[in-house]
Every structure is written in structure tokens, then in C-alpha cells.
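What follows is chain A paired twice: with chain B in the first complex and chain C in the second.
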Partner chain A sequence: MFFYYLQLAVRSFRRNRVLTVLMVLTLGLGIGASITTLTVLKLLSGDPLPTRSARLFTPVINPWAADSEGAVEQMPRWWGDMMSYTDAMSLLHARKAKRQAVTTLTKARIAPTKPGTYPFFGGGVLTTPDFFAMFDVPFAYGGGWSAQDGENRARVVVISSALNNRLFAGRDSVGKMLRVNDHEYRIIGVLKPWAPQPRFYALNFGDTYGDGDAVYLPLQSARANHMLPTNYSCWGPANTAHMETSPCAWVNLWVEFEHAADARAYKQFLKHYVQQQMALGRLHQPRVWLYSLTGFLDREQVVPSDLRLQTNLAFGFLLICIVNTVGLLLAKCLWRSREIGVRRAMGAMRRMIFAQYMVESAIVGITGGVLGLVFAELGLLAIRHQPASYAHLAHLDPSMFAATFAVALVASLIAGLLPAWRACVVVPAPQLKSI
Partner chain B sequence: MDIAPIFASLHKHRTPVALIVLEIALACAVFCNAVFIIGQRVAELGMSNAIAESHLVVISVNGSNPDTARADIPRNLAALRGIPGVTGAAVMTSIPFGQSAGVDGVSTGPDSQVHPGASRYMLGEGGPRVLGLRLLKGRFFGPGEYADSTLRGGMMPNGHVVIITQSLAQRLWPSGHALGQQLWVGSEKHYAVIGVTADVARPGSSSIGRGSAHYAVFFPLAPDPAFTQYVVRSAPQNRQRVLHAAEAKLHTLAPNMVIKGQTFAQIRDQAFTATRSMAWVLVLVCLVMLTVTAFGIVGLSSFWVRQRRRQIGIRRAIGATRANILRYFQTENFLIVSLGIALGMVLSWGVNLYLMKHYELPRLPWHYLPVGALTLWLIGQLAALGPALHASRVPPVVATRSV
Partner chain C sequence: MLKMTHLSKVYRTEVVETYALRDFNIDVKEGEFVAVTGPSGSGKTTFLTIAGLLETFTGGEYMLDGVDVSGLNDNARSKIRNEKIGFIFQAFNLIPDLNVFDNVEVPLRYRGMKAAERKQRIMDALERVGLASRLKHYPAELSGGQQQRVAIARALAGSPRLLLADEPTGNLDTQMARGVMELLEDIHREGATIVMVTHDPELAARAQRNVHIIDGQEVDIAEEPRFQAEQAASSHG
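This part shows the complex of A and B:
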């Protein structure tokens, strides 16, 4: 039966070529546009660490005297959800979570190893030892540093796979020296390619998406060499030479729990800490926040609002395309009332007519889906040529590939429902009379 | 022309008519709002920035040695001024539309309720002239004010004077008496306003399109490691040559630093990348959407024409001219599109309310609605023209066949 319907559908398409092409093209355009924006939206709002994110949290406290909203116009929480060094280190040393790491970002100036080349900037992550285990960072050679190394201001560095390829042709470079901001650091580890998207551990410190950072340095060692964070927010006279004691927020604290449920106890601890500091006169506002990794991404609005707008627009467009396809399918089916009349008179049941028209719609849908895939690839190609920091990451993945066909099929079946229903209620007698 | 028969026929084909009306309404809603957003973005592209944009080249020099910066900067500037074609060179801490930089909460006093965020520019001697700042009131900094102003590792200069942009002056002192007032930064530091300049853009692109896009303050500063931007001025036609010569010169003077030069035009261009690409995406979507809508109208109209061949033949046989038939289908299309537009106006308003709530968009000005309506009427008439012409060519003899 199915093949018979298929045959009928093909014959009907042949008879009405223009109408068929219009339908497929319309549906293809709508699907192409929505899949393109969805792919980018998924890329930008994705979970950077799917296996760990449920147990990773970041606490936020208000270091200001003023409450969080009123201090500066249009800039609520002006400290950028960063923490002062003092608070972050106190919470780190309290060791109330399974693992904890303080992070901040610097622009590391890396000296070239080959003569005739110029120094260049790479992202420099300043952090504490748990960073690597906590975020499941894969090592190709060597490993991270110990808490003792941090306290001793040891000049050690972990480098990215990209930097290792650039400077040492990808060979094991553990033990070699690297010049960062005019200071010699000993390489103790080389990472495998690692670039979580978005770069959640340095959200307010620069580009949200990219190829990953170049070097990872012990926070205290890097500060001893005067490396400055790329972002800081101060609420009093500050000095860049003494960021640790200045009234400035410039680090993030990340904590990992054994179970996500431990977050409740940690929040209590955080409240208690803030109350204690308020009693000492160091802090003034009791409110605390504890965000899960994905909650923090939402909070910081990592997805550009233009992109969300484009996604809405694409779905509005898809809706128009579906309405259009419904209209065209309906026109085609009304045009064939006489044919339906004949089939009904020859004994075809209503549900058979209904099935026949749904098969026809599904074929339109699948062809539209294939075309939509072509349009989506073209759209993503155009996006890859944009200068945005996420541009080169825009590729159609298998799940989106499958989603294209799901969307196409569902869209076409929805579009087919009305015409198919209209077709199966055609009364045969009047149609036959006019032959 | 009598439209009663058209209504009768539309009433008979309620479902297809309803679909076309719905499609036009959706297209109208999306179109009006998209055109509104495009208009906004295009206006942003022309954002004012009162400096000599076409004369400037900017070379960022990062990683200078804090201990020698005070001696290096005058040496580098002297070398840059020696390049043929260069008419001036100065140092700054940040550049309009360039890399994001310091923002301060400023006010008229510690008890003030108004705390706009303003971008902080610090200029070396000669900076205002090289940039081409346009002074509206007051004066520029004197040589002594540069020499007395230092950072010593702090965030704020320890001088006593500031120049502010017109927008910021208006925000803080709406009565217009900014000159001579004290501008407070936080609750400890304050500076005397000695000048008001025409509006200069802030660094970065995040404030583009906002009311605060021109909130900026200028401080004088003696040579300091915080100066990372060398601004070089030349005639517009010499910019490229000057850029390459300046980069080469700084590379030889400061081999350990990261040096990157751009013309100011490039910097401005980059700041508006997102704005421009959004405008293009919207233009593209509008075009494709209108095409799709036109396809829909063509499809349904031709179906109607074919279905009514016999009626058309009868009308022709009893005296209707070709023009009558053509006009009939065009009028029919006009009525359907008008219905769609009426519904579309309501939808546009709804979509705009949604966008206002979620995307900080202002209210849709009413004049975008007639623009949308006219466009859709035009598209409708054009799309129906083909099928209507086809209909008008139906010969009267059709009426006599197969009755």
C-alpha cells in the first residue's frame, strides 16, 4: 500500500511541477534557517563539561558597601561577579568542598624560541592546583603543581597542546624553559587539546569562546612576577602592584562537591563566612549566591542577545514557511478533488485517502529536509566567515543532522494534516458528476 | 467595481483564504519589526565620534618594562614623529572603539543619586591635538597638568583636572554649568572640570546603541607604563605607509613587546562587526520571507484561476472585458492582503511588546506599520499579476465546453 501511495505521490508531483518545487523550496529555506541558528545557539549555550557540570559550583558574594543593584547606573553587580583575593583565598583554605580552585586570567606575553620571530600574547590562566583534577583537564606529558609550589612562588608552567606544537613541534617539552612576561618558567606539564566552550572558568575576563588558553601558571607565582588580571573591579583606592590587598575583585572561586546536594550546606557555610566578615567590618552586604556551572552561564548571559533574537526570527520564518506549505498542499489537494472522488467511488476508504496525502506530505517534508540541510550548511559556511570568536566552531553535528530531518518531517506532517483531512472528507458523488 | 461577488467567492474558499491571510499577517509582523531593528542598527553604524578618525593610526605596544617606561615613551614618540608624513604622535591608555578599558562610577558629589558609568581615557601630552578632540567649552590641559599627574601603580591619576564629553556633562549637570564643577569618582577622589568636548565614543562595542554610548572622561598623565596605545596622525592618504613605518620603528626600539598597528578606520570597523552582520542577516531574512510569501500567493492564485476557468469563460462570454477579469483578481488579492495586513498590525504590536520585554528594544514607531503595509500590498499585487493575466486570457469559448 505504502509503495502505491509513493507512486501516486510521484505522479502528482510530476503533474504539478511548479507547485511542488515551490513547496520543497519554501520548506527547505525555513528548515535551513532554523537549523543554522539552532546549531549556533546550541554551540554557544552548550554545557562545557557535561560529565562534571552538575557537581561544579561558583560562589558569589557582594564585596561592596552598597547593595547589588544601586551602585552604578545600568550595571547591577558591578564587581562583575568576581571575588577579592582575600575572600577567595579564605574560602579556598577552608576546604569545605571536595575540590576548590581560584582562577583568573592574564594576557601572557610569550617570548619566541626561534630567532627572527616576535613575542605574542596567549591566554594565561592563573590558578591553584585543584584546577586540573576538578575540570578534568587531560595531560599529554607531565602534570600540574602542588599547593606547596604555589606557596613557594615556584616558577613552573603547564602549557597547552597548541603552544607546545608552536614552540616545540609537539614533542615532550617537560623540563624545558619558557619565557613568560620576561621571566623564566620551567614547563612541568603539557596538555592534550582542551578548550571548553564557553570558557566558563574566565567568563568576565575576555572572549567567551575560542581555541583555549596557552599557559597555566600558579596564581601566587604569576602575581609575584606582577602579572595583572585582564579584568578587575575596585571600590576604593587601589594599586596594581598590590592587587592582593587592594579593595578589588579580580578572581573567581570554583568548587566541586561529591554530590550536587552538598551545595545547600556550602551555601550555609558561605552565609556564615559573610556574616563573620561583616562583624569584622570587612564586608557590608549579607547576600550570597551559589551558582551551578550552567546556572552561572545563564546568569552571565553568555549567549549574545542578537543570536537569541535571530533564533526567534528563524522560527517565525519557519512558521511562515509551514503556513505557506499548508496553503500550497491544500491548493493541490483541492485541485485533485475529482481524482479523490474517483478513488473513493472505486472503494478507497477515507483513512486510505488520508494516508495517501500524509505520505505525499512526508515526501515533501523529507525532500525539504535534504534541501534544508544544504541551506543550513551554506548558512554555517557564512557564519564561519564572520569574525566572531565562536565563528570557526560552527559546524553541523550529527544530532543537529538528525534534528533537521525530525523538524522537516514534523513540519511537513503538520502542514499535511489539514489538506489530508480536507481530501478525505471529499464527497465522491458531485465530483463524479462533473466528469 | 462591485466587490460583492469577490466576497461571496472568498467566503466559499474560507480555508485557503484564511491560510493566505495568516501567512501575510505573520510576514507583516516579522517584516515591520525586522525593518525597525535594521533601521536602528544602520543608525548605530553612523554613531558620532568627534575625533579626526580618518587621520589616525593606532599602534598598541604591550608588555613595556615598568621601570624604563618613563624614558622609553618620549623616545618612542620622538622616533614616530620623525617618520615622513607624520603630523603628530601621542600616547593614550585606551582608544575609542578599541579594547575595553577602565570604567568609573562618576557623580557630582558623594551624596549624589546619579552614578553613570563613564569610560576613563588618560592622555599624554599633545593627546587632545593629535586625536582632534573638539572643545565646546573651557580649555585643554596645560603642560604642568600633564607633569603633575601620575598613577604610581594606582587606577586613578593624582592630578586635579578632567575634561568630559558633552553627553556626560548633560547627564550630570543638566542645567549646563559643568565647567568649574567637581567630578567625583567613587567617594574619595574628585577632579575639576576644565573642559567639555564634543561626544567621543567609549572603548569596546558593548555600549553601542545605548544612551550611555558617549559617557567618557579624559585625564592628563605624565609618561607611565599604563600607556599602551600610540596614536599617530597623518594625512589620510599616507595612513597605510605611516602604519607600516611606525610598526617597523617600534619593533626595532622595543623588540620584547607585542606590537600591533591598525588604522583607526579598521578599529571602528571591527567594533561594528556584530551590528553590521545582524543588519545583513535581517535584510536577508526579510527578502527571503517576502519571496516565500509571494510564492504562496502565486501558488494559491494560480490554483484559483484554474479552478474558475469556466466561470471566467462565462463572464467573458456575457460581456466582461479582459481588463475586467484582470481587475477582478487584482481586487481579490488586494482584499485578502488587506485582511492579512490588518491582522499583521496587531501581531506586529504583540511581537514588539515581546521584543521590548526580552531584548531592550524601544517601542515600534507607528510609521513602520504603513511601510510594512505598502510593501505587502505591492508584493501581493505583483504576485497576483501573473495568474491574473493568465485568467484574463481565458477565451470566452471555454464557457461553452463540457457543460
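This part shows the complex of A and C:
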């Protein structure tokens, strides 16, 4: 019977071309608008490390000291949720989590050795050894450095896949030398393409979205060569040559637990640490925070609040489109009451009439979905031309492609339910009375 | 074949009860051609819609082909309509965006019949009404008489036990009406049971037996003054 209903639907569309075009257009516009905003929302609010995020946390403590400039109550979170080097390294060395890494970002000046090429700037991550294992960073060649390399200020570097393609045509470059900020570094690892979105480990240090960083250097080695973080907050006179001892917050600490439940114990440890430091006169605020990865993204307001509003508005618009389609389908159904009466007289059961109209609605929905896909692509094309850091990432991925059709189908089925119900409860006798 | 005993149909509103049929009795035997006559508003069409299971009744008993239909649910009634009853309407009631073939196919589709059998039955039915050459025509491309023949073919295609005709010639001119009536008579001669509602005494006279309804009740026409007056008027006219 399904194919019979399909045939009937096509005939019905042919008979009411204008009405059909209107319904498809209405649904297409609603679906297009909602999928466009949903794609951007998903892009911005996506989980950058879905397999690990539940076990990844970042602690935050208030570094305010007695000699801080201004009252801390008047400047909430003025330190940008970063940590001082002293606190971060103390917590790192306490090794209270399965893995831990201190991170900060720098602008690295990379000078290729190839004749005729010019130096350029690339994103540099200054970090500690656990970074790669903790964030599940994939290597194409080689690997990361050891804690000993960090302590020894070894001049080693891990480079990104993009940089390896640019400088070494994608070949295994482990063992080759790379000049970064006028110092020679030995390449010990080459990553596979890796660019988590959003760039959660760099929220305070530049673009939240991007193609990933170019070089990854041991924090201590880079500092020994005077590489500076791109962002820091200080509460006293800062000496950039001695950032480690300056009253400044400029690193983040990330920790990975065996189980998410271990976070409670770690927070307790964090509180004890702060109390201890307060007793020593270093810290003056007892409050601590321990954010999960996704909690940290919320905290840093990675998703602009107006985008959520836009998404809600787009879905509101879709609802209006569905209501309009319901109206048009209802009008069509009432107009065909006589035909329904004839079919019922010929032996059609109510569920058969219901199925016939639902198939018709589903076809409207699927066609609307295809049109919505075109509108969504156009909408995303427009977004890619916007001056936003995430703009170039706004593409329809397979999951959103599937979501488009799911939304289309659900929308059309919702839109079709009432008209199909009205159709199947048409009382045949009055429709068949002779004129 | 069709037996109604003390059947009643009441339309109720908050303030009034209207009897469309009251203590109505009829017994149509298999193979009979019965005309149900009566003035407008007498309850003829209500009788026909109840007989065709398009409407429920309020009281009494209705046996169709040996089955008590009063307790049947909508699905069972639809199944009986599909398999045992053929309808012929005054206004033809063909579906305008289906061609002749597809219109005749409608009841067969709901029976879940295989395509080859459907095609054979449709062709046989259209041959029977003399429209086998108009398969691809749409209702709007046919005359009134041809449309009614398509409707008859649709009613016949499913080989129903009972044909219900509601003023089958009411929308046709005399010549076309005669053709349709002759067709119905032929179908009856081949063994079909036909119940035809009409207010036309001439058509009614061509049936084997007449049942006259006035105010929702069957009456003995010999004792009905209004009928005698009508008969007198038509014989003088």
C-alpha cells in the first residue's frame, strides 16, 4: 500500500502545485534557518575531547596576595582563571591526579632553514610532558619529551602535521633541527592533524577556534630561551624575564583523573593546598574551583549568549513554519473530504486514510528537508564570510546532515498528524449525499 | 441478503430528537431488484447509508448476508463495505485526479489484491459497461452517462453481493438515464442483488418490487393517499 500512497501523494501534489510549493518552501525555510544556527551552536559548544572530557579538569585558585593592587571583591576573576607558575608547578609536582600538565601559549617565530624561505609566526604551546597523553594527541612520527627533558631544559620540539607538511613535505622529520625564536630545537615528534574545537587549552591565549598550533615546546626550555606567554595578569610589578617568580598568573593546569569521581578528593586537596599557602602568607583567598572540561567552556562563555538566542529564535521560526504547514495541509484535507468519503465507502479503513495522508506529509517534509539543506548551506556560506574566529569551520557535517532530515521528518510528521487525523475521522455519509 | 427489523435512526440535539427512520422493516432476498421510493426527506437516503454501513443506527436489527452488523467496529464495517457492497451514487463520486482505470481500481486496492488480478477485474468491469477503450480518460473528459458507467464498473469490479444505488440516473438526461437503467437491469439479470433508492416512479416501476418510505417508515403503497395521488398525476401527465 505504501507505493499506492506514494502515487496518490504525487497526484495530489500535481493537482495543487502552488499549495505544494508553498508548503515545501515554508518547511524548507524553517529547517534551513534552524539547521544553520544549530550547526554553529554545535560547532561552538561541541565537546573537543568526547572520549576524555569527563575525566579532564582544570583547577582555579585566587592568586590575590596582600600586595595585590585593588580589592579582590571589586575585581572578580580578574586573573582570567589562570594560575601563577609557583602554584601550578607545586600542584603539578604533588602528582595527585593520574596525569597533569601545565600549559601556556606563545607566538613562536619559526625560521625555516630552506634557502629562499622567510620566517613566520605560528602558535606555540609551552607545556609539560603529560600534555600529549592526557589530551590523546596523535603522533605521526616520534613522540613527546620526558620530564627529565623538561628539567634539563632540553631543546626539543614537537611539530604539527601542517608545519611538517609546510617545511618537510610531510616526510618523517624527527631528528631534524628547527629554529624557533632564534634557537635551534631538535624535532622529536610530528603530530597527525590535531585541532580540537574549541581550543580548550588556549581559551585565555588567543583564538578559541583555529587549525591548531604549530609547535609544542617544553615549558621550562622555552622559558629558559625567554619565550613569553601571549597573555598574563599581574597583581604586582612584573618582570617578564622572570615570569616564574613575578606576581602574575599566566599558565593553566589541567589534570586527568582515573575516574570522574576522583575530582572530589582533588578539590579537597586543592583546598588544603590553598589553606597551607594562606598560612604561609602567600595566598589570601580560600576559595577554589575545579572545572570539568565542558564546565570550563561554559565558564569561559565559549558559546556567545546571543547565539543561543538566535538558535531559539530559529526553532521558533521553524515552529511557525510547521503551524503554517499544518494549516495548508488541513485546508487541503478539508477540500478533499468528498474523496475521503468515497474511499471510505469503497472500504478504506481509517488507518489507511491516516497512512495515506501521513505519507503525503512525509514527502512534503523530506522535500522540505532537501530544500532546507540548500538553505542551510547558503546560510553557512554566509557565516563563513563573517569576521568571526569560528567562521571558517562552519560546515554541515554528516551528523548535521542526518539531523536535517530527522528535523524535516519530525516536522512533517508533526505537521501531518492533525490533518491526517482529521482526514481519517471524516464521516463518509454526509460527503456522499447527492447534489 | 439484507434484512432490517424494527430499525430506527434518531438524530439528537440538546433540544430535539428527529426520527429519520422509525420501526423500519425491510427484507431483500438474494437476487432481488428492489426500488425504495418516497418523497424528499422521507428517510430514503438514511436507509441507504445505513444499509451501506456508512452510518450507524440507533435501534433495531440489521442482518447483512447473514451477519448481524450492529456490533461491528469500524474496521469490520469497512471490510464488509469493501468486499460485499457496491455503491452507485447520483453524483457519480469519481475521484477527479484519477483516470478511469485508477478510479475502478480504488476498492480493489483496499482489498490488497495482486496487480494482475486487479487489472483483470478492472478490464472485465469496464468491458461490462462498454468503456474499455476509455481507460486513460479522466472523469472531466467523460459525459455524465459515461461517468456513471465508470461508477458502476467501480461498484462491480469487486464482485459485491449487494449493489446499492442512490438515484443512479438523477444527474443524467433521459437518453443516458435509459442506458444506465438498462445496464442495471442487465446486471440484475446476471444474478446481482440491487437496492435502488429513487423518487422517480418510472424507474421504480422497472424494479421487481417497491418499498415505499414515508416519515421514516415503510408503508403499504396501496393504502397511502399521497402515493395514489402521485400515481394519478403521473398517469394523467
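Here is the rule we go by: the second predicted complex is superposed on the first by the 412 of 435 C-alpha atoms of A that agree within 3 Å, B and C clash if a C-alpha of one lies under 4 Å from a C-alpha of the other, contacts with A are read in each partner's own complex, and residues count from 1 in each chain.
Methods note: a contact is a pair of C-beta atoms (placed from the backbone, for glycine too) under 8 Å apart; a residue touches a chain by one contact, two chains touch by 3 or more.
This is a predicted model, so every value here is computed, not measured.
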| item | value |
| --- | --- |
| Which superposed partner A:Tyr118 touches (first chain B, second chain C, both, neither) | first |
| First, second, both or neither for A:Met1, with chain B first and chain C second | second |
| Partner chain(s) touched by A:Met352 [first = chain B, second = chain C, both, neither] | second |
| Larger contact residue set on chain A - chain B or chain C | B |
| Which of chain B and chain C A:Arg343 touches, first, second, both or neither | second |
| First, second, both or neither for A:Lys433, with chain B first and chain C second | second |
| Which of chain B and chain C A:Ser12 touches, first, second, both or neither | second |
| Partner chain in contact with A:Leu293 - chain B first, chain C second, else both or neither | neither |
| Residue ranges of chain A touching chain C (in the complex, touch as defined) | 1, 4, 11-12, 14-15, 338-339, 341-352, 427-429, 432-435 |
| Residues of chain C that touch chain A when the two form their complex | 45, 49, 52, 54-55, 74-75, 78-79, 81-83, 87, 89-91, 93-95, 97-98, 106-107, 109-112, 154, 158, 166-167, 170-171 |
| Complex contacts: residues of chain B adjacent to chain A | 15-16, 19-20, 22-23, 26-27, 29-30, 34, 37, 62-63, 65-66, 103, 105, 114-117, 152-156, 186, 188-189, 210, 212, 251, 255-259, 270, 273-274, 277-278, 281-282, 285, 288-289, 292-293, 295-296, 298-300, 303, 306-307, 351, 355, 358-360 |
| Residues of chain A defined as touching chain B within the complex | 18-19, 22, 25-26, 29-30, 33, 71-75, 78, 107, 109, 111, 118-121, 181-182, 226, 234-242, 304-306, 308-310, 313-314, 316-317, 319-321, 323-324, 326-328, 330-332, 334-335, 386-388, 418, 422 |
